[in-house]
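Per-chain residue numbering starts at 1, and chain names A, B, C and D are given in the order in which the chains are listed.
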């Protein structure tokens, strides 16, 4: 983990209430896709956790949905503004166990961490696929970006884009070797219910610190009590208790 | 400039300690900076048996503060002694403060007895004020008689200084403080968190699974200062002051109110380097307000 | 969308009232906007005899809050009836809430009796919780017996609904609430300010001449929500909720916790148009959270 | 009183820890020199009261000393930033009673309100004089600005500029008809003790609201209890109780 100031490079709406923010700064603490940052938003006491969508040596991309005061504040940041962040939090996804045909499943703003994951899987010579689920077309983002990397199936609840229904309404390819998922809790639970291959899931909890100090985010798992911010946010399908 | 103080006979390089529950057993912070710069720290509230605590959500936010309902998650005193303390020895060389919680008198006694014999431990901080546990944890701290009872029972089995940690959720904290002093407490530490609640407008339910949680952070500083001030007048034993401290000037303010040492809690969570930074900044603030030695200003507002 | 609620039988266009001590007798705000948009307001705490209150400094600041030690400055009930109420009639056409304080039982009774007969007054709000006066004001609110005693005595001389305003500086506010209900209170209002202190690092003394003051503002919102939630469960009479409210979403949160009406205090001081703005914003927030009628959500978090 | 946003035109240090800020915005509520504004400083709960140093139809000048968090924040404001202010607070100085030769006495950051007062007195054809007191030369500000309007005597405690000593060490001119003063409490008290002509003094108190709502600033006077923010901050020498 590192703490530092990051400079906003760009901050633009990419879907309904959804923004992409590019930041410049020290990314040395990021070692795995699925890790997150914890950032200070103006005037709020606690930091806000956001998954890292993509990073390179000079900076990172975050994608966030405006759902409350902190994310609303974020949406007003301008290029040149600086943001105080703790970077490189959490365990992230383990790609070494993916097999050749991993399936990525993301719901809404669960998608961001899957982007860097997809890039890495492709770099490693694997052939991942993606199912991305939204409520409606207005919420769809990063379709092209993902399509440049891997085959994508879009689902929307109202059928306004792609397949009508849930991500679980799309049967995974027969050769699927593994899955990685991030999204709303009910989606993750349903997914675990129907996936036959092993997988990893990224969870959310309200956090006090984000780096393991407060026990604010601990959940029971089959492998003992774990802090979502430290031993997570990525968990094995096998260890989760629903 | 002299930042040293003495707490119950044990010298501290400076009065700044990290507060229980916000610093774990030190490991997460030792990865970030050399935590030997601290006066000391109070480790996570430890109980006789391991505890998971409350289900999540355990955390909510408020203006200049946060609510927690962790519910005393800890691995239990045996594991603390077998695993955490030996691990801690590698990165923290000073006497550490052992924070103890319990749900029955006997539990306090057993846990304290075990910890008292650990050489690394300087003080026992007996939390009779945790508002996040059902079944008694709170009640010990809300009436003078039971506060005195815990104090007496723990003192009977401990050689090390026993500091009783008081709840602010009471009508008359001075009465409880005096009861603890009379029962033999070597020091008092205050305040623990204020009971609070937030609700989720979407679900229309309390945010915390436990319904209520403990409010901490800068929001409670004035409440803490008042209670430290009042308790300082009521007793002769030293007071460890906490509640909302997040700067070197807050440290000085708390010491003027009557604190011999201070603890920094929630601020560690949002700014992991805060204790180190406060300690670095202390000499500048002392200079600004003409303070040569911090031990001179303890209770300075009363003279 | 329907913002109307009923408080002790009296209909309010909306649940937003200005809190006692932060709105004077309304005149300063009536110069700024038409205060008839309010549900109502509670006027400055009134005592039998005129009071100057405490010497200055009476005000200090803290993170997301302020301390006041005004000490119930008011012109006395006779002047309120002879001068303030007639003046108020020119700009406020709704029933107003009369906030009453006292230092002895008899004083409460006399003051309430006089105000009860004033047609402009809708409710009596009996403050048994002001922490800024020496000599008893506080003690009535910190024990169930004396709270009940004041309630009974005042009820005996009043025809109008009597709302007892409770102190948060107690171990068990529900017990006090029940005692007031049993003694005949028509409603409860909470919370008054938390006792707090700030110190001046230059002088090394408390900032307030009165040493302590009452903490209010967003810092205390979680404490207030918890107490309203607990009291709602403990009694059947309506609760007026306050403490840190400064937005329409805070109003909804307080009502979910159990408030039939709410009061906005300190926020009026830093943002004189806040009550008007909150009322304007209520329909938008109701829409956002799918609320058709505010009266439907009172205590909604309990169902 | 009006509430509004004011745009910072300039903000520059003019003496040790002392800044002059020029703001653009509605000044219609200002009717007398000696009135004040109450401004929101970033993140602080209460507003900060500052006397208006000068104003015209399009904006105003404030002068403030950095003494704490709020004034420190002010010192970091940049041209173009906006500040939320309540404007036109308090009674202000009454110039109608000044006679021909009023004496103005200001100590430190008590000087600002005397500037607009001096301008107005001069406009009214009067011949005011000014004694300005500081601790040392480093703190002196607005000397030239005042000297363009009226005769000025500077005093400093350490003698580093002008007369060594207090403002009360300078005997007022024999023909002095009235006095107006603003500055630290001990200065005002000493001044009242030695001035033989009547005068008006501007006081400071910690304020909750600044517009008469909270009774946070009430003092006893010989003419009854008065709110410094509403019936003050300017009081007659005769009514003050020391």
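Basically, a residue touches a chain if its C-beta (ideal position, glycine included) is under 8 Å from a C-beta of that chain, and two chains touch if they have at least 3 such contacts.
Everything numeric in this text was worked out from a predicted model, so none of it was measured.
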item	value
Any chain that touches chain C and chain A	B
Shortest contact path, chain B to chain D, counted in steps	2
For chain B paired with chain C, centre-to-centre distance based on mean C-alpha positions, whole Å	33
Separation of chain A from chain B, taking each centre as the mean of its C-alpha atoms, in whole Å	36
Mean-CA-position distance for chain D and chain A (Å)	56
Residues of chain B touching at least two other chains	60, 62-65, 217-218
Topology of the chain contact graph, where touching chains are joined (line, ring, star, complete, other)	line
Touching pairs among all chains present in the structure	A-B, B-C, C-D
Contact footprint of chain B on chain C as seen in their complex	60, 62-65, 67, 142-143, 169-172, 194-199, 201-202, 204-206, 211-213, 215, 217-223, 225-226, 229, 244, 249, 252-253, 256-257, 289, 297, 300-301
Complex interface listing, chain C residues touching chain D	21-24, 28-29, 31-32, 44, 52-53, 56-66, 68, 70, 73, 207, 217-218, 266, 268-270, 272-273
Chain C-touching residues of chain D, taken from the complex the two chains share	1, 3, 40, 44-47, 86, 205-209, 211-220, 225, 228, 230
